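So that we are looking at the same thing, I have put the structure below in structure tokens.
Naming follows writing order (A, B, C, D and E), and every chain is counted from residue 1.
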Amino acid sequence: MHGNRNIGDVILDLRNICLSFGGVKALTDISFNVREHEIRAIIGPNGAGKSSMLNVINGVYRPQEGEIIYRGQQRRGMDTYAAAKSGIARTFQNIALFKGMSVLDNIMTGRNLKMQTNFLLQALYWGAAQKEEIAHRKKVEEIIDFLEIQAIRKTPVSRLPYGLQKRVELGRALAAEPEILLLDEPMAGMNVEEKQDMCRFILDVNDQFGTTIVLIEHDMGVVMDISDRVVVLDYGKKIGDGTPDEVRSNQDVINAYLGVAH
Amino acid sequence: QEQYIPLPSYRVGPYAAGGSGFYGGAIDYFNLVNANGGINGVKIKWEECETEYNASRGVECYERMKAKNGGAALVDPLSTGIAYGILDRVATDKIPMTTLGYGRSDAANGKVFPYVFPLITSYWNQAAAMVAYLGSQNGGVEKLKGKKIVHLYHDSAFGKEPMPVLDAEAAKYGFELIKIPVAHPGNEQQSQWLQIRQAKPDYVILWGWGVMNAVALKTAQRNGFPREKILGVWWAGSEEDTIPAGDAAKGYTTMTFNTPGNYPVLDDIRKKVYDAGRGNLDDKGRIGSVYHMRGVTAAILWTEAIRKAQEKFGKGKVMTGEQVRWGFENLNVDDARQKALGALGMFPPVKTSCDDHEGSGAVKVQQWTGSKWVPITPNWVTGDKALTRRLLEESSAKYATEKNIKPACAS
Amino acid sequence: MFYREAGQFKITYQADSQIFPIRQDRIGVALLLAVAFLVVPFVASPYVFSAVLIPFLIFALAALGLNILTGYAGQLSLGTAAFMAVGAFASYNFILRVPGIPVLLAFVLGGLCAAMVGIVFGLPSLRIRGFYLAAATLATQFFVVWCLTKISWFTNNSSSGVITAQKIVILGYEFDTPVSKYLLTLCIVCVMAVLLKNMIRTNVGRSWMAVRDMDVAAEVIGFRPMRTKLLAFAVSSFYCGVAGALYAFAYLGTVEPEAYSLDLSFRILFMIIIGGVGSIIGAFFGSAFIVLLPIVLNIVAHSLALPTSVASNLELMVFGALIIFFLIVEPHGLARLWQIAKEKLRLWPFPH
Amino acid sequence: MEVIYDHVILVLKGVSLQVPQGKIVALLGANGAGKSTTMKSISTLLRGERGDVTKGSVEFKGERVDQLTPNELVKRGLSQVMEGRHCFGHLTVEENLLTGAYTRSLSRADLKEALEKVYHYFPRLKERRNSQAGYTSGGEQQMCAIGRSLMAKPSMILLDEPSMGLAPQIVEEIFEIVKDLNSKENVSFLVAEQNTMVALRYADFGYILENGRVVMEGAAQDLATNEDVKEFYLGVSGAERKSFRDMKFYRRRKRWLA
Amino acid sequence: MDISFFFEVLIGGLLAGVMYALVALGFVLIYKASGVFNFAQGAMVFFAASTCVGIVAKFGVSLWVAVPLTMAAMVLLGLATEKIVLRPLVNQPEITLFMATIGLTFFIEGLAQLIWGSEVRRLEIGIEDVPIQFLLDQFNIAVSQFDVASAGICAVLVTALALFFSKTKIGRALRAVADDHQAALAVGIPLQQIWGIVWAVAGFVALVAGMLWGARNGVQFALTFVALKALPVLILGGFTSVPGAILGGLIIGASEKLAEVYIGPMVGGGIEGWFPYVLALLFLLVRPEGLFGEKIIRRI
């Protein structure tokens, strides 16, 4: 299609996932897979279960039925810590930044799994601890440069406007150098220009680091332009799956979600 | 020329009633002394500092006030916690601390605690006196054999203090001692009194403090335990403890180191202090109440110690803390002196020495009639002082080793 | 004018992650420390040492401890005094029962005991949060004090449960004057404050804050809430434990378990809230405020020659009113006011 | 109007705008331009965030309202839908809606009718009426917040980013509802929106905010055809919409004010 | 085991529990309405009781006059609190509001003692605190008639409050406010008014609690400590639930008495201070928001 990306094998496979909360069925029997290096979009009307799907992937929710095959390992559900450890990072729909910390610190938290020294050394800020801290700081600065947020690195995140917060959240996820990046509506509340920037970041991440991306987004322009394959959910059911063009012309999808053809 | 006495008092918080009565009494007496021309012409100057009964604030008050106005002559925080906090300091600063009826019982040993004076009586002597009194009710302490006595106590250092004495006495005289603690603050005691109801003891010793006392009486009433059989400690024997209990308090007995009643010195205070508009209590009716009288008593002993010191170090001069300490160690407030002060029988005769910083160890028993306290033992009661002396020696020796103190009498 | 960072460029990340990145701050702190170590010992009176500075430092240390837990890790606790008590009684027992043990080591061991108790009582925090947790920490408060009163072994079988702290002797030097105790406390507090600052600016601190700000998200990016919270409890209790030991050894000398009552827990809590939750300097501001304000009020009230009972009650009312006033003016505490002042200074003379 | 936060942060610098009765006015601008702040200063909710209006005044129906409480404002018919939903998490969706009618004293039947009207607009809410709002999806919460403010039967609504997080057809629907209310019940709207395309399509008038200043104002159609607006807010340069994929280079932003 | 003694302990505990619940109720009201953990509730109990007896003592009027006057004072106090303390702190974190109520505690305590003095007073409300003779004779169980009467008063109060808050739109508004101050303002809920009402009602509850506890223990500063007894009740029942407060009170009351009587002697006694807290803690481990508290929503 473009660039020198070569989409690999399936690394994440979700099979027959069912999830319900009390009486509410958030997901019914959903199966789909994600291939290495691809950009996979999940779309669907509000309350369709898209965010729940991401939550299942990285272990915040445990599905009642179904299984997840990640890198050949088959499991019933993920565990958040294990998911993070095995390279799944994400952003959240309702921004979940650490409000009391600066931008820099927030992004630094993304690297926590890569930090080895114990807290006593850190308390002394000595030798290995200091070296490690500075090494990670370098990495984080690269991310900051990449996202063009140098000017605000010391600002407490709670003071930032919404759009920048989203960007910082992306930075935090990137800091973990993930294999799979789950993005929940990264462009909500942005204007076109900002969306363009955000798309650029996503595409670059995907291009340069080969990161697999699972993306939820309501802006059809964005979804159709940048994703390789799209899953469509409605009321917890899968109603469509395929390339943007296939999805766009799927009558079910048009009825349930797109309304007018885009 | 003024002799300065700092008063780390407390007039807010849960124990405010006690604090305002005690320090009110002391100040009233100071005013009386000053109205009468001072101690050989030396007037008393005092200053108050609010401690809220809190150790840390008490220490601050002490430190702030100790060096003012030429230095403190003595100090009395009326709080065990604060007393502990300044225990070491008073020795370093050479300021005598009196603890009338509270604090460490073993501080009566002047060889180890040269600057601490648990004047009149200590918890241990009180406990011993309680047993003696209960014995006398039965025709002798031997008759206590087989009796059941409940020690209902405030679950704290204060409530645990008498236990060595009570245990020893129980072993010696063969009565059964049941210890029932009440968790601070003691505003609910149903379970304790149900236990008491079930144990059916002959007596209940009420070693309480604050709200716990009134609640104990109320709860005793609702569980049908006769108040005549309750013998309270002196911190459970003030108007503040009985009035809120209402009728439930009628017949209740407690220890006291003051004899309730009226005395010439109190009349003097009414006349010369209150009528002159300098009374410290808001409510004149509280003159002669238990806490007030305790404050007057303390102030009498303080001024007597200063007077004694002046006899040795120079009449009409301002005494240093060290000199006042000597005065405290050589007090002799006998009947004659009490009479001269207009306080004959108000408290037991006090005679101190290096070995005995307490100076008496005698107490009385009083009973609440429903409206006032009346003494029910004609004479001063003392318990097994040999026993308490032994405990005192042991305990103070331990303190001396912990602190590296070589026990000796100060010159 | 003089408080500008313009012209100060950081060339290395190391320089940028200094404790005080702004030069004027560095100079200020150095001056402050110089005064505290070199000037104060010669000019202050024993009263100031033993009734103001020593308790100020000790409370500040305890407030730092509570701040770790409440301010940084977001776990509201009302059991501070209990951890202090554990530290004090444990240190006492180590010195008593292990002949020749260095006092400082005993303090550290006392702190570690407190840390262990902290971990045990921190376990519920994995499930319980907010005010529920706060009320539950009261269990710690009452239980620990109860244990210390009940189990007489802890108090060396003293009949009333009162302990007398041993003398502080380090390398043959006896810390018995107010000045020496002050210097010792100051050293300990400074060292521990620096250690804390280091923790805060590295991964441990970030993990605490992450859990505080949004624990689910923290979990998702790989912090383990259990570890993080328990570590916060442990470190916090350690700080409180050492503060508690100093409270007994360097301040009161002779203490009963009730000295570590709920009241004390509350005082420490006031300190961090007034001073500023989640701020190291705030702990010091708060401690100064709570230690000094009653003194000032007391002096003022008594110099007005009011009747004492009126003065005492007014004191209490003004104290309460001032707390409210400060909260209204700045809910994030004195530390935040300080920061605003600095920001204004940086912009000065332009208003924005 | 000037607004500062926390004594030091100056956010709005002399913003003036007007919403004529019965019109829809769009407030556009990039992130952090101060749209939400403007809204909050109108509805006097700013005080709760330790913000202050240091200069300027707000008039509503000819009266100064900047000193009123939000409650009085709602009573007078000015209601705000806050950015970021702000549903009452512990209340059910229906209870959330009912709180919206707090300022009106309605009979049971009227209340029911008002509810039905909201459910008519947002059928999804009806399905979720008995679940706690805290557990509903982002879009559902957004609908709930909008529905809640409709319950007050306002004559003017401040809508802060209504489209955020909503599926495209819902966005259309919401603007249809806005239009509907506007034309049928003569409700005026001030809409802060990132989705410039839609906003300008439905609005009568628009303001563009940059860095706390109004940099451009005009009728919606005029704005929509302005070249700069087109490029920066609508993402169309020339006639073609560019694919998001094709923005290969980072473009430098052009700003009216540096 | 002596069964009648067991019942005696149990009944005594349940009745004491009702008294705790009464104080807890005041907390619940305010927490429910504003998410504020009102530390000053104990001080309000003390203030109410001292005002009431203070009026009787100073002006020599009967209790029937003093009670309405006190009620007026409590309403005033509530309104003033709202205006001076809470209003400027709208939308602040819970801990700040909590802290403000601690400041308020000091203020109220000082005020009460300044006006009415720090003397300990007695309060007679005409119900004698003696065992019910019938039960004593028949079953040898001592149950205080005072406790039974206060349990009755509590029951009435709770029912009234529960009805008031569940059947009126104010009830709904209260919960809305507790969730999100800002949003509540935005939908036009008059925060001030709501808080005023709630604080006044809490003042009324404090008055009732103050009268009953005061009659039981005397009117004195230590009344503020009853708050400590109410806290475990509160966490057990859930901060937001009126029935929870009652049930929590019963559980805490009964179990702490039973524990003190049956477990206490084995460990040296005095466990009533911490036992309720530990018990509540254990409950919390199973239900982190208390028995009836609102679930804490944790979602991302």
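A few comments on the model shown:
Going forward, contacts are C-beta pairs under 8 Å (C-beta built on N, C-alpha and C of every residue); 3 or more make two chains touch, one makes a residue touch a chain.
These numbers come from a predicted model, not from an experiment.
Between chain A and chain B, the least number of touching-chain steps is 2. Geometrically, the chain at the heart of the complex, using CA-atom means, is C.
With respect to chain A, maximal separation of chain centres occurs for B (centres as means of Cα atoms).
Remark: chain C and chain E have CA centroids separated by 32 Å (rounded to whole angstrom). Centre-to-centre separation of chain A and chain C, using mean CA positions: 41 Å. For the pair chain D and chain E, the distance between mean C-alpha positions equals 43 Å. As a whole-number value, the distance joining the C-alpha centres of chain B and chain D reads 73 Å.
With touch defined as above, residues shared between interfaces to two or more other chains in chain A number as follows: 60, 92-94, 96. In chain B, 11-12, 20, 155, 183-184, 282 are the positions where the chain touches two or more neighbouring chains simultaneously. Residue positions of chain C with contacts to 2 or more other chains are 142, 146, 149, 214, 216-217, 220, 309, 313, 315-316. Across the interface of their complex, chain E is touched by residues 11-17, 20, 155, 179-185, 187-188, 190-192, 194-195, 197-198, 210-211, 214-215, 218, 221-224, 239-241, 243-246, 248, 282-283, 286 of chain B. Remark: chain B residues 9-12, 20, 23, 47-50, 54-57, 59-64, 66-67, 80-81, 84-85, 87-89, 104, 155-158, 160-161, 163-164, 183-184, 280, 282, 391, 395, 398-399, 402-404 touch chain C in the complex. Across the interface of their complex, chain A is touched by residues 9, 28, 30-33, 83-84, 124, 128, 131, 135-140, 142-143, 161, 164-172, 194-197, 232-235, 241, 243-245, 247, 250-251, 253 of chain D.
Residues 2, 21, 24, 44-48, 51, 93-94, 148, 159-164, 185, 188-197, 199-200, 203, 218-222, 225-226, 257-260, 262 of chain A are the ones touching chain D in the complex.
Interface residues of chain E, counted against chain B in their complex, comprise 2, 5, 8-9, 12-13, 15-16, 19, 109-110, 113, 117-124, 129-131, 136, 142, 144, 146-147, 213, 216-226, 228-229, 256-258, 260-261, 264-265, 268-274.
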